[in-house]
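See structure below.
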Amino acid sequence: MTAHSGRHFLQVPGPTNVPDRVLRAIDNPPIDHRGPTFVALAKSVQAGLKRILRTTGPILIYPSSGTGAWEAAILNTLSPGDKVLAFETGQFSTLWNVMAKRHGLEVDFVAGDWRHGVDPAVVEAKLAADKGHAIKAVMVVHNETSTGVTSNVAGIRKAIDSARHPALYMVDAISSLCATDFRMDEWSVDVTVVGSQKGLMLPPGLAFNAVSQKALAAHKSAKLPRGYFEWQPMIDANDSGLYPFTPPISLFFGLEAAIEMLEEEGLENVFARHARFAEATRRAVRGWGLDILCVNPQEASNSLTAVMTPEGHNADAVRAAILERYDLSLGAGLGKVAGKLFRIGHLGWFNDLMLIGTLAGVEMGLSAAGVPHRNGGVGAAMDYLTGNVRTAAEPARAAAGAR
Amino acid sequence: MTAHSGRHFLQVPGPTNVPDRVLRAIDNPPIDHRGPTFVALAKSVQAGLKRILRTTGPILIYPSSGTGAWEAAILNTLSPGDKVLAFETGQFSTLWNVMAKRHGLEVDFVAGDWRHGVDPAVVEAKLAADKGHAIKAVMVVHNETSTGVTSNVAGIRKAIDSARHPALYMVDAISSLCATDFRMDEWSVDVTVVGSQKGLMLPPGLAFNAVSQKALAAHKSAKLPRGYFEWQPMIDANDSGLYPFTPPISLFFGLEAAIEMLEEEGLENVFARHARFAEATRRAVRGWGLDILCVNPQEASNSLTAVMTPEGHNADAVRAAILERYDLSLGAGLGKVAGKLFRIGHLGWFNDLMLIGTLAGVEMGLSAAGVPHRNGGVGAAMDYLTGNVRTAAEPARAAAGAR
Amino acid sequence: MTAHSGRHFLQVPGPTNVPDRVLRAIDNPPIDHRGPTFVALAKSVQAGLKRILRTTGPILIYPSSGTGAWEAAILNTLSPGDKVLAFETGQFSTLWNVMAKRHGLEVDFVAGDWRHGVDPAVVEAKLAADKGHAIKAVMVVHNETSTGVTSNVAGIRKAIDSARHPALYMVDAISSLCATDFRMDEWSVDVTVVGSQKGLMLPPGLAFNAVSQKALAAHKSAKLPRGYFEWQPMIDANDSGLYPFTPPISLFFGLEAAIEMLEEEGLENVFARHARFAEATRRAVRGWGLDILCVNPQEASNSLTAVMTPEGHNADAVRAAILERYDLSLGAGLGKVAGKLFRIGHLGWFNDLMLIGTLAGVEMGLSAAGVPHRNGGVGAAMDYLTGNVRTAAEPARAAAGAR
Amino acid sequence: MTAHSGRHFLQVPGPTNVPDRVLRAIDNPPIDHRGPTFVALAKSVQAGLKRILRTTGPILIYPSSGTGAWEAAILNTLSPGDKVLAFETGQFSTLWNVMAKRHGLEVDFVAGDWRHGVDPAVVEAKLAADKGHAIKAVMVVHNETSTGVTSNVAGIRKAIDSARHPALYMVDAISSLCATDFRMDEWSVDVTVVGSQKGLMLPPGLAFNAVSQKALAAHKSAKLPRGYFEWQPMIDANDSGLYPFTPPISLFFGLEAAIEMLEEEGLENVFARHARFAEATRRAVRGWGLDILCVNPQEASNSLTAVMTPEGHNADAVRAAILERYDLSLGAGLGKVAGKLFRIGHLGWFNDLMLIGTLAGVEMGLSAAGVPHRNGGVGAAMDYLTGNVRTAAEPARAAAGAR
């Protein structure tokens, strides 16, 4: 492989680009996890996460991946044989389904085509039909990292309420948090599952459960066996800024810095910035003449865009060519869409020029990989970013790979 | 609190001091966890850990604390109702006992006074008596971080063999690895549980299971439900340098650097260095006229020394005074020895002068806290380190706090 | 000012982007500048710089800016009243003229329009006319950082030789080194002046003199008074890897890393990469319909491109708009071209996607600043980079600000 | 050489230990030195340095060593043939004498034995005798880094005033600043020369001139030729936060962090801390039975202590043994005391336990090198630090190397 010069473009939809300020914070020497400096740090990050999740309940921080945090949510609230309602929106919801079954839950897993979010009407119908309230939890992935499709978390809440159903509402906000508006308390989410390596702009290694009072009540009678992920000792210890095991201190340093940066920018600005990148990206994709996996524009993700390659053009070969030539990492198609699409991550610590560099890498890479397309993608994104939308009559830049 | 100048002395028995070289490696920007650079990194650290653990079997790396890795060891090898043999050697073995019971195991938990290691003769007797081979696993903590007492892992292996018992042999090497000789394959350990923040000189955040062929065979029929900690998908993915979830890339960078440093020094030299620090520390404690928790010298830990404060002198008050005045963090007494002792960590990235600084902080702190003692501790340690042991006839430096 | 997200684009023509690997090296704790570790480091960087400059003579490393290194070159080789031949190629050659006069030299400063390099024919004529060899040195700036115009260092050497003139040949390679081929010994350059913050990919703070045997001979009789910059004690100390004053150790750490990176990439590849960025940039400028300061294509710089703004459009206002909106820093017009142009740096640790991001920031910024232009610049650069040059017949993307 | 574990002890009297916080600041990517962020940074560090030097005049910051800053002081205030009064207090004052002569100054260099500071009475007598005011400047080194002897800067000021002499007063505060009280304006110092790598806790690479109004007036008529070090363009540019050349941005980041840390601790506390370390060190040296170079206790340095080795014991061999065995760097004897002493630096980012570690390295190293001594040094220092001074009657710990 050739030695690359310049900065690698890490545009998988997580891990995302980590700000230098966060990396430098992580670079600090670890401290005693039972001493006063750590206690202050722990209280600071717990308070900050509550502000970001817009919740007042406890936040449990695990050294773990998001997968572990999903398991924690399940183990702490449910009992063997419990029934849950879940939705096939993509690879990650599919994995949660498998996880739930591993623990003996009965999952009503509503099939999907990976191109749509959860339909609130289906939620309402399912719950309304469940007269006996056998369904103990509704499990939803807010933003499917594998597809770039979001589900309407607020709308699903309304559906649950309309059905007057007492099920817990558990939401995977792993790749939506800090990219899309999320209001845990307002939307009465009972357990939110979060990871560090997406909108929080940290390296992977931390995962979170944010927990409502209703979830805490459920926890008291939840019978699934658990050890490491058991909430109670952590909640107890957290009151004093402590943890029941050695917490990953370095990532806590980084988390404090990341929260500071997000709040300096302002969460509303952060969301608006992500929406802008996402729209620019979609215009680029349409400029190339390629298809976006997400069908409904109102479900299109702020965090990433999944781009389908034309029949006969393996998306992984495209990604490999782009990595080799332009030192740009894109996300692969996962599970049943493997090889059929690539995912452009546009979340986290990111800006207009990084986005254009990214889109340019895709556009030039499509040529390099011989994928038929038009070359107008970057131009379309720039037009949007400058507030100057091209009219349909204007010719796009001529296609490179096409013909 | 006063602003401290100079370097904090982090002498809890984990997290330990992290080398600048490791911190700088961790400070590198995350990369795509499915790209070729990460694959090479993952293979490198897996191979390195095998050399350090002296094993040829798989190494499973979790973003987790050591607690999680203990749970992983249990979940992947045992079934509900299985009987295991364990030993109360301190706080951590006690926690593992609780963990095992949480998962429905029947634990024969041999009581102990926290001042001795596991007696191989007891192991042999217990197993010999178990004619029906109901005991499925023997669980031992190599070095009890809470007490500074080690158990004879090789000797226990012999005891198991003498009893011709097929139980799995599971060892917590969390605070022994890279401080004390450990030979997984030679000693036929079936699952070794390790954490990153001790002798491996990393921040907390990673934990490991090293696994024998016998453990892999047991895994096939183990029925405890598991998700995040399930071995199989990780073993499968690891073959290609991948992980079934987003691995904590930054800590992998650091792990590679730490393994390089350990191998540059040479493991034998690393062990000898730790033994030397431990002996110097014990001489310092005897120089102060204080008691060491560990009763048998041959069980004294290379990693830490637990020092008992005299009746009426709360060890936590001593630690607080030392932290305030000398910016030195020591380990607290945990569980049933809380307030009765403090723990001096002398493992990891450490040298003679850091040790003397540490012991001086303790010695001066004992005076500051009004604990009766003689002042000869630092001198005794220096005498030992220079190879010049003082004879009993020579007077020690006069006591400060003592009367 | 709004909080910016994502990475700042630092595209002034120095300081350039510093690789993370170099920054991490600089982040190491300083060491004893008279100890064996530093001695090895000093010898390593001196040897490395010789390879990069393609010279076998001594390299003097000063904590200084390039300005100081120019002064060092003058002070160590010349005497009060000496005559030198120099050329007004831009702001920096003008500053060196002022510097030479401050020290009592008589400068034959050949006037220029800042849009052309040094004409070798003029050099030859001037020297041929100097029958008495009153001219002691010819002073040339290889790449004028203020204009983006290079001079033909090899050609000027031939001119000097043709005139059979014994003058020293002193070259400022501050912004050419590691961007453009430079062969000190082959071209018989007598003193090369270099700075750290350009192609060497370091922060500012170091500057260098590379010195020929002929320059060393001249040094013996050079009478200009000097202290800090005196060569002899440094040459003497350097033999043992030492310095006559405390050297900037941290930057030495970084320099060693930078040299490693440049040699891993290969100098020929480094030059080719820079030539490619420069050509892509010029195509972008032409795509915008703007003028490049450099008149002769063969003199166009590999390191930077100076872009003239149309009459009535202050270039500093354009730069300010681009900085505010796109977090992109561009170089200002200096001296007599202040306000008339901006400079795009494309040297150092840089790649295709960073370049496109940079050019996109300019293109979108021209719109933001209301500068009349066409929008085809980014597209033209991408076409060139993909090896797919648009034909003249194809319409460019429609102009934004243009009328 | 053996691979060392643990932190190197860098106890030369500069470069000193750099705080992690400062290193991390330096690790930030460089920024445009003409952009608004740098302007704010430059203004911040200039203001901070004024507070630390207790002056209201301009501070000129050069990428340079202290040597360069001395030259700058001379070049900017004096003219060829000017007479100056200077004092041989050690190696650095000797070097400044050489520097002054290089520039054609006539130096009245009062001989000294390197064991005493400047005698204010001699200053007064010399100046009183200079009826014609031929002496243009009095040049004093506040703390001689080569000897550990300080001169009475305030007392010399009084001597100048008593003699009613108009000479400029130029002080090298390179290794005194931030270790010893220094009041530029109150003491009417005209030029203060400072370096970054001592009490300012930065790596080497920056040096400073702080300048009084009287020095600025002298500058107007000073005729020594100068280029890089010329004050005027920097003073002019500094008003807008700019520099006439590319400033070493990374070290500016570090300087801002260092000033913050010093002010958080409080300058008075910083001085008291240094005085305490110095006294503890001297007690250790007396405990070893070795001689301190500095004769008068009131002239003993807060920054370092020069320890003389007994006749027949080369101090460099002792230092080499200590470096090899204990990874501790000490300062060498320089110039005419080479081989006769070693210097223990105790300035900068430093605390009690680092000091004890350092002194233990010396004490154990004296044994390793076979230098006759008593072993009571570390104990004496600890007694002092705990506020518990041993009485003369109590026996010291028995000598190791002594016979």
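When the chains are written out, they are named A, B, C and D in that same order, and each has its own residue count from 1.
The rule is short, and it goes like this: a residue touches a chain if its C-beta (ideal position, glycine included) is under 8 Å from a C-beta of that chain, and two chains touch if they have at least 3 such contacts.
Bear in mind the structure is a predicted one, so any value in this text is a computation, not a measurement.
Undergrad: State the pair with the higher C-beta contact count; candidates are C-D and A-D.
TA: Most contacts of the two pairs: C-D.
Undergrad: Name whichever of A-B, B-C or B-D reuses the A-C interface, so over half of the contact pairs are the same residue numbers.
TA: Repeated interface of A-C: B-D.
Undergrad: Take the average of all CA coordinates in chain B, do the same for chain D, and state the distance between these two points in whole angstrom.
TA: 44
Undergrad: If you average the CA atoms of chain A and of chain D, how far apart do the two points sit, in angstrom?
TA: Centres of chain A and chain D (C-alpha means) sit 54 Å apart.
Undergrad: Between chain C and chain D, what is the gap in Å from one C-alpha centre to the other?
TA: Distance between chain centres: 36 Å.
Undergrad: So which bits of chain A are touching at least two other chains?
TA: 17, 20, 24, 27-29
Undergrad: Spell out the residues on chain B that touch chain A in their complex, using ranges where they run on.
TA: 1, 8, 10, 12, 14-15, 17-18, 23-24, 26-36, 62-68, 70-71, 74, 99, 102-104, 195, 197, 203-207, 224-230, 244-251, 323, 329, 332
Undergrad: Mind pulling up the chain A residues that touch chain C in the complex?
TA: Against chain C, chain A makes touches at 2-7, 9, 17, 20, 27, 261, 264-266, 269-270, 273, 325-328, 349-354, 356-358, 360-361, 363-364, 367-368, 375-376, 378-379, 382-383, 385-386, 388, 390, 394-398, 400.
Undergrad: Residue numbers of chain A touching chain D in their complex, please.
TA: Where chain A meets chain D, its residues are 20, 24, 27-29.
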